[in-house]
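In order of appearance the chains are A, B, C, D, E and F, and numbering begins at 1 in each one.
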Amino acid sequence: METHATRSKTIPTTRFKLALKSLQVFLPVFLMFAKATSAHAADATLDSGDTAWMLISTALVLFMTIPGLALFYGGLVRTKNVLSVLMQCLALTALMSVLWLVFGYSAAFDSTGMEVGKVGLHSFIGGCSKAFLLGITGDTLTGNIPEVLFFAFQMTFAIITPALIVGAFAERMKFSAMLWFSSLWLILVYLPICHMVWGGDGAFFADKGVLDFAGGIVVHITAGIAALVACIVIGPREGYQTTAMIPHNLTMTLTGTGMLWVGWFGFNGGSALAANGDAAMAITVTHLSASAAGLTWMGIEWIIHQKPSALGLATGAVAGLAAVTPASGFIGPIGGLCIGIVSGAVCFLASTSLKRKFGYDDSLDVFGVHGVGGFVGTLLVAVFAAESFGGNQGSLNIGSQFGTQLCAAVVTAVYTGLVSYILLKGIDKTIGLRVTAQDENQGLDLALHEETGYRY
Amino acid sequence: METHATRSKTIPTTRFKLALKSLQVFLPVFLMFAKATSAHAADATLDSGDTAWMLISTALVLFMTIPGLALFYGGLVRTKNVLSVLMQCLALTALMSVLWLVFGYSAAFDSTGMEVGKVGLHSFIGGCSKAFLLGITGDTLTGNIPEVLFFAFQMTFAIITPALIVGAFAERMKFSAMLWFSSLWLILVYLPICHMVWGGDGAFFADKGVLDFAGGIVVHITAGIAALVACIVIGPREGYQTTAMIPHNLTMTLTGTGMLWVGWFGFNGGSALAANGDAAMAITVTHLSASAAGLTWMGIEWIIHQKPSALGLATGAVAGLAAVTPASGFIGPIGGLCIGIVSGAVCFLASTSLKRKFGYDDSLDVFGVHGVGGFVGTLLVAVFAAESFGGNQGSLNIGSQFGTQLCAAVVTAVYTGLVSYILLKGIDKTIGLRVTAQDENQGLDLALHEETGYRY
Amino acid sequence: METHATRSKTIPTTRFKLALKSLQVFLPVFLMFAKATSAHAADATLDSGDTAWMLISTALVLFMTIPGLALFYGGLVRTKNVLSVLMQCLALTALMSVLWLVFGYSAAFDSTGMEVGKVGLHSFIGGCSKAFLLGITGDTLTGNIPEVLFFAFQMTFAIITPALIVGAFAERMKFSAMLWFSSLWLILVYLPICHMVWGGDGAFFADKGVLDFAGGIVVHITAGIAALVACIVIGPREGYQTTAMIPHNLTMTLTGTGMLWVGWFGFNGGSALAANGDAAMAITVTHLSASAAGLTWMGIEWIIHQKPSALGLATGAVAGLAAVTPASGFIGPIGGLCIGIVSGAVCFLASTSLKRKFGYDDSLDVFGVHGVGGFVGTLLVAVFAAESFGGNQGSLNIGSQFGTQLCAAVVTAVYTGLVSYILLKGIDKTIGLRVTAQDENQGLDLALHEETGYRY
Amino acid sequence: MKKIEAIIKPFRLDAVKDALAEIGVAGMTVSEVKGFGRQKGHTEVYRGSEYQVDFLPKVKLDIAIDDERAAEVVAAITKEAHTGKLGDGKIFVSDLINVIRIRTGEEGPDAL
Amino acid sequence: MKKIEAIIKPFRLDAVKDALAEIGVAGMTVSEVKGFGRQKGHTEVYRGSEYQVDFLPKVKLDIAIDDERAAEVVAAITKEAHTGKLGDGKIFVSDLINVIRIRTGEEGPDAL
Amino acid sequence: MKKIEAIIKPFRLDAVKDALAEIGVAGMTVSEVKGFGRQKGHTEVYRGSEYQVDFLPKVKLDIAIDDERAAEVVAAITKEAHTGKLGDGKIFVSDLINVIRIRTGEEGPDAL
């Protein structure tokens, strides 16, 4: 079985490079004995360093959702809804984890019946032989790390993706509807897309050579598009555009920004599935993209509104983090810088002008930041992964790769949009999507949870 | 010297399994030379991956107390006492660390004069040859990691255990009394119990075959029982049951919950003392238990009170984390799920009905969550560690192990309760346990520390 | 190329010890083959455990600034300026990172043209061959870790150092002036000092045998002195000494304290550039120094003001962290304890009496805590690094080392003071350092960023 | 001169303010208060403990106005703050002996 | 009608509210205020700097009531808010010209 | 007795309080309010959306005083709260029928 990193690096030369790299790590030992040790045997050994990094990466990605994203979003809503947002993030953490154990992991990563080039059911969804992790013990390996660790790491991705969507329908969705939507969405959107991209040989997008290192398509495009559809279907908040809906606690949002940024090192760096040069380069370009995007957003604001804002800087940084995600394992520092600048500018436009123009109430700009950022990164990876632009994909043909990336992004977006729409409409017709206007006025904290955020 | 993990895995077959596991890690190398390298020599080598994981685990467990637990607790008290709680956590961090250096570590882990099966003074408390870490340098190893790192990791446990108790007497205990109580309690309760369970061959509970991977007995039962005794001895807060004592900042509590949850990966995963499959399985079952317990608590509330609450979800998750702690190195994912569900339900009852029935003011439910959760986990480990239930203790006899666990839990509880009671009464008679009613009314922040939490 | 740790351990015997230590780690393997593997070959191999630790250390040090330091500082200012402080930390994170890529790293760590004993331009500043990390891929190594990881780790130091200074001129400096000052200061102060201390063989201070493990001189003395100069040049806040400037949210400051403390494990532990006994000892002494300093500060307050304060405890802990930084890789636990006690007491005096006496408005006590703490540690390293005091520098001559340390500290202080003064005056004359009195009255959040921190 | 104190629902504040500004009310002072009245409060539940919270968030407007325009102001507030549901609030009218503008020292109606 | 403003200690609020509800007071408005008076404030110390804080947290009750029951209300508050220690607070009574219930438009005593 | 309500700029509070203490005012009650008047508010911008915030933070002082010293108090406040810029605030004076000190039950001017 192959690692996540090799899965996404489907171009032959990349694999070769990777093999070379591993070789180099073990070289001194290898040379000393000059014995033919099959690569497979080496693969089957647990590496404590890689395991250490993946353990902590798992913790870091979990940290991104609780409390990182929860705080980032929580600070942006009004006081009366702060707990509802925090609770949604926490409840999704718990619920998605259980689903991931029950069948999620298996549906995403069981490679039963898959073969390079063969298109069939399992090109789109995994099998069920790994449901409940049956038969997998602490000793079972995936590459150099325990498989259960790969399970846990990927679980944190399956947590944060639906949690990202929460920002779009914040302050008005019923808690029960949110749980139903997220669960069904995980099953019908996240699992297949995840499988198609990261499912390994025989997976639909993987076979096409789509590059998505840490989830530009799998995480950000899916979440961003679902967010857009959700906020349109559920409709704007009461009083949207007529009353001021000012973030109630920007210090909370900035705290969350810092946590997201730091946690993203685990998100992108951990996607190397090893503590190696790839992971190191991934965190470096991740950091540089966030920095460049934050400065870009801030700079544009400074020019347009005369004043740079903390929220702008923070939002820009998150846009840069989202955008660099699919590229982080393939590009160099300058690529990170460029992706940051482009995403900072494009996401600024999307979150301000675009939103205003079309009038949808994407309350916390999930589409504008994650959807658009994910798109930007998914396309730009075709450019900056090329060696001429500092990337590590030697033989990459920029043009054709761009086409591949665009296709995958669009197919994912259309599929996600469609399924999300059907789910939302279905829930609306049955248990209802939205709280009553009175509950919305009172605030979800009291209306749905009988709690109050602050009582100074 | 043996590692923490082997210490707690005292059943012969377990050790054998562990040996096998280590063997497998080094197998390729071993096989290649086919030379007889003594296991001891292999043990005596520092493993950078294990060391990396233990370094970060140490940081994670420290993070659980400052700021994790401090925020979790701080948000639950009233505004006027928030700093007092935060400060107690911070002061305990500093003070327990110094005590740990001076003699704590030695009293807990010095194995001078110990022998399997021999019952003597050192079955109950360690020697003093490691006081001040004299003679121990960066090169001294414990298993595959520096001994000083083992010292530091265990120190973070000696910090959080007394810090947990703080929640029981919050909003009314004198700061000086708290420092005295915690220091004496560390010496008279924590150190002996820790030694008896984790002290290695010859330690009382270890020799009996008690399973406690990461501190169900050592941390949660001791803290929980001490908390119960403390809140009874010190008496309820002024106005308890007649005035509303509503958490002043649930966003703070939820932030702390996220931090505790993430930090717990270091707590339980780090208790493997290595970056391996055990650690990976430990964080996975830890996460699943927290998830299941959170959902269970929330679900019960939803049924009983019609509304699911953020605090309920968070409290449930912490209960699940506490309960899975003793079991985390021995069970599989389904064991994690089950322990979560049971502890979520039982701790809910303990923190609501039981408390109301007996009328004690365990202000932040330390007993209901940690004490009861620790108990649940300590007993259930006897079930879910069995291979038939997905655990890794092949030869475990569920019935007899259950007896062993129950005995150890009860003995610990009785001993802890007794000593805590004597300490509290003693302090009350000398310097006094409780602030004046006037100080309590004014709030501890101003009365004891001349500070105010917020000044918006 | 050598690692950071060896760079700062420039005394021959230290190197010898280090070599021995590494030897010992690889000994079993070495002995088995009894083959002559050159040390260089071993050096040139990536170690996944070391890499894992450095990846997470990088994340931890970033975490210190965002959100750690941002919260620590943010809680200390008045409500109307909280966002300005948070934003300064975030903006510096982004801006310094870009500068670090463009030329910072190269100017600090490019060793072109350097030679032991040779004093020339490159004794004071590095070359520019590593600008933009050109030619460096994920495979390039620095010691046992990817060079890009060393780049990223050091980048987090170049972020936090200017961010520390922010506390001195908080609540009154123009945002644009802050960005200009920090950028120029990074170039003209941080880069050369960093190069002189950590630039390796041929670097000015390194050749003199100056010991600075993790930045007592490079980080804390430079930041502390710049802070002192800055707060004098910019002048006190409107109403300083006549109106109460009470911290607006101490829970925020205490949260930041916890984060700084935990993150410091990466700062000092990561400066070993490996997951080994040095790193383990570094985090242990770091923790003990923080604990001792916190207790000391609290104790003094308890005696003088009758009441121990949370802010005092927290400030003391940070002072202890700053002071132990230069020493953390060279001393033993007792050294950590002692440095903590001394720095707790001295920094208390500096932040209270000294400040009051001279009347400067070092708003958040950057000089009193970091400057003075850095000084204390830089001097005391000469004592506690000695083997007789539990350190690991066998042949160290306390007297002469003390002289060396004092010289380096004073030279750095004078140089930093001078350049900072010139920069500040220059900016004041051109774009102006300070906001208008009216903007200051209104608060920087609204005046400069058109945002409000809280809207409950 | 009259002092008009109006207790209203917070989410009506903007509308009331605009309406008053339209009829030329040049100034007002607003504070956050909690009201107890016919409108019921709510229950909060924390770890199984139920707390009845009787006080509801309201906004209080203080407006000093010359006698002639008092009725008009009261009417405007009544109209804009009205939702027809319990808890819409009350308006209290009392006499003012004097008003002083601090900036200029003006007194009486001129100071309004 | 009368307007009764009572400044009391925060922790007596619940008792006072209950006592008033018992004697049939249908509504009141509460706000958080800070008081300065005979009761001394406190000192706060931050990094060695002492700040004298003169203002103490108090709660203000505003109650509009018909003339007949004003005395009764004052008595009830006095009784329940009383602790005998400095800082128990004050009650201020003034005249109200009119009261309007926004929901119904009722005026005068009917609006109470 | 008179009740003096003064709306002032927050940063003048300390000075006003000290001035009042000096002329022997034994007590006062302070609350945080928001003012709307000639002084303009400000704009806030969040992700490109501009919000006009009309209300400015002010502090309200309530002082009950016997009739003779009312003028003196008003003068002291006017002097100390004055900065000459828009938004300095207003002082409102009204009649008080009675004052009760809760601690002692004293009534009228004695209770001040």
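As a convention for this text, a residue touches a chain if its C-beta (ideal position, glycine included) is under 8 Å from a C-beta of that chain, and two chains touch if they have at least 3 such contacts.
Nothing here was measured: the structure is a model prediction, and the numbers come from that model.
*Asks:* Tell me which chains count as touching both chain C and chain F.
*Replies:* A, E
*Asks:* Could you label the chain B-chain C interface same or different, taking same to mean over half of its residue numbers are used by both chains?
*Replies:* different
*Asks:* So how far apart, in whole Å, are chain D and chain F when each is placed at the average of its C-alpha atoms?
*Replies:* 18
*Asks:* Using mean C-alpha positions as chain centres, tell me how far chain A is from chain F in Å, no decimals.
*Replies:* Here chain A and chain F have centroids separated by 53 Å.
*Asks:* Hey, how far is the Cα centre of chain A from the one of chain D, in Å?
*Replies:* Roughly 48 Å, centre to centre.
*Asks:* For chain C, jot down the residues that touch at least 2 other chains.
*Replies:* Residues 29, 33, 47-50, 52-53, 56, 244, 246-247, 249, 275, 305, 307, 309, 311, 450-452, 454, 456 of chain C touch two or more partner chains.
*Asks:* What are the residue numbers in chain F that touch two or more other chains?
*Replies:* Touching at least two other chains: 31, 44-46, 94-95.
*Asks:* Let me make sure I understand the interfaces: which chain pairs count as touching?
*Replies:* Contacting pairs: A-B, A-C, A-D, A-F, B-C, B-D, B-E, C-E, C-F, D-E, D-F, E-F.
*Asks:* Touching residues of chain F toward chain D in the complex: what are they?
*Replies:* Against chain D, chain F makes touches at 2, 5-8, 31-38, 54-55, 58, 60, 74, 77-78, 81-95.
*Asks:* Touching residues of chain C toward chain A in the complex: what are they?
*Replies:* Residues 29, 33, 35, 37, 41-42, 45-56, 58-59, 62-63, 65-68, 70-71, 74, 82-84, 86-87, 90-91, 93-95, 97-98, 101, 132-133, 137-140, 145-146, 148-149, 151-152, 155, 175, 249, 252, 275, 448-456 of chain C touch chain A in their complex.
*Asks:* Show which residues of chain B lie in contact with chain D when the two form their complex.
*Replies:* Where chain B meets chain D, its residues are 244, 246-247, 301, 305, 307, 309, 311-312, 315, 348, 351-353, 356, 365.
*Asks:* Given the complex with chain E, which residues does chain B contribute to the contact?
*Replies:* Checking each residue of chain B against chain E gives 239, 243-244, 441-442, 446, 450-452.
*Asks:* Quick check on the complex: what are the chain D residues that touch chain F?
*Replies:* 3, 17, 26-31, 62, 64, 94-103, 105, 111
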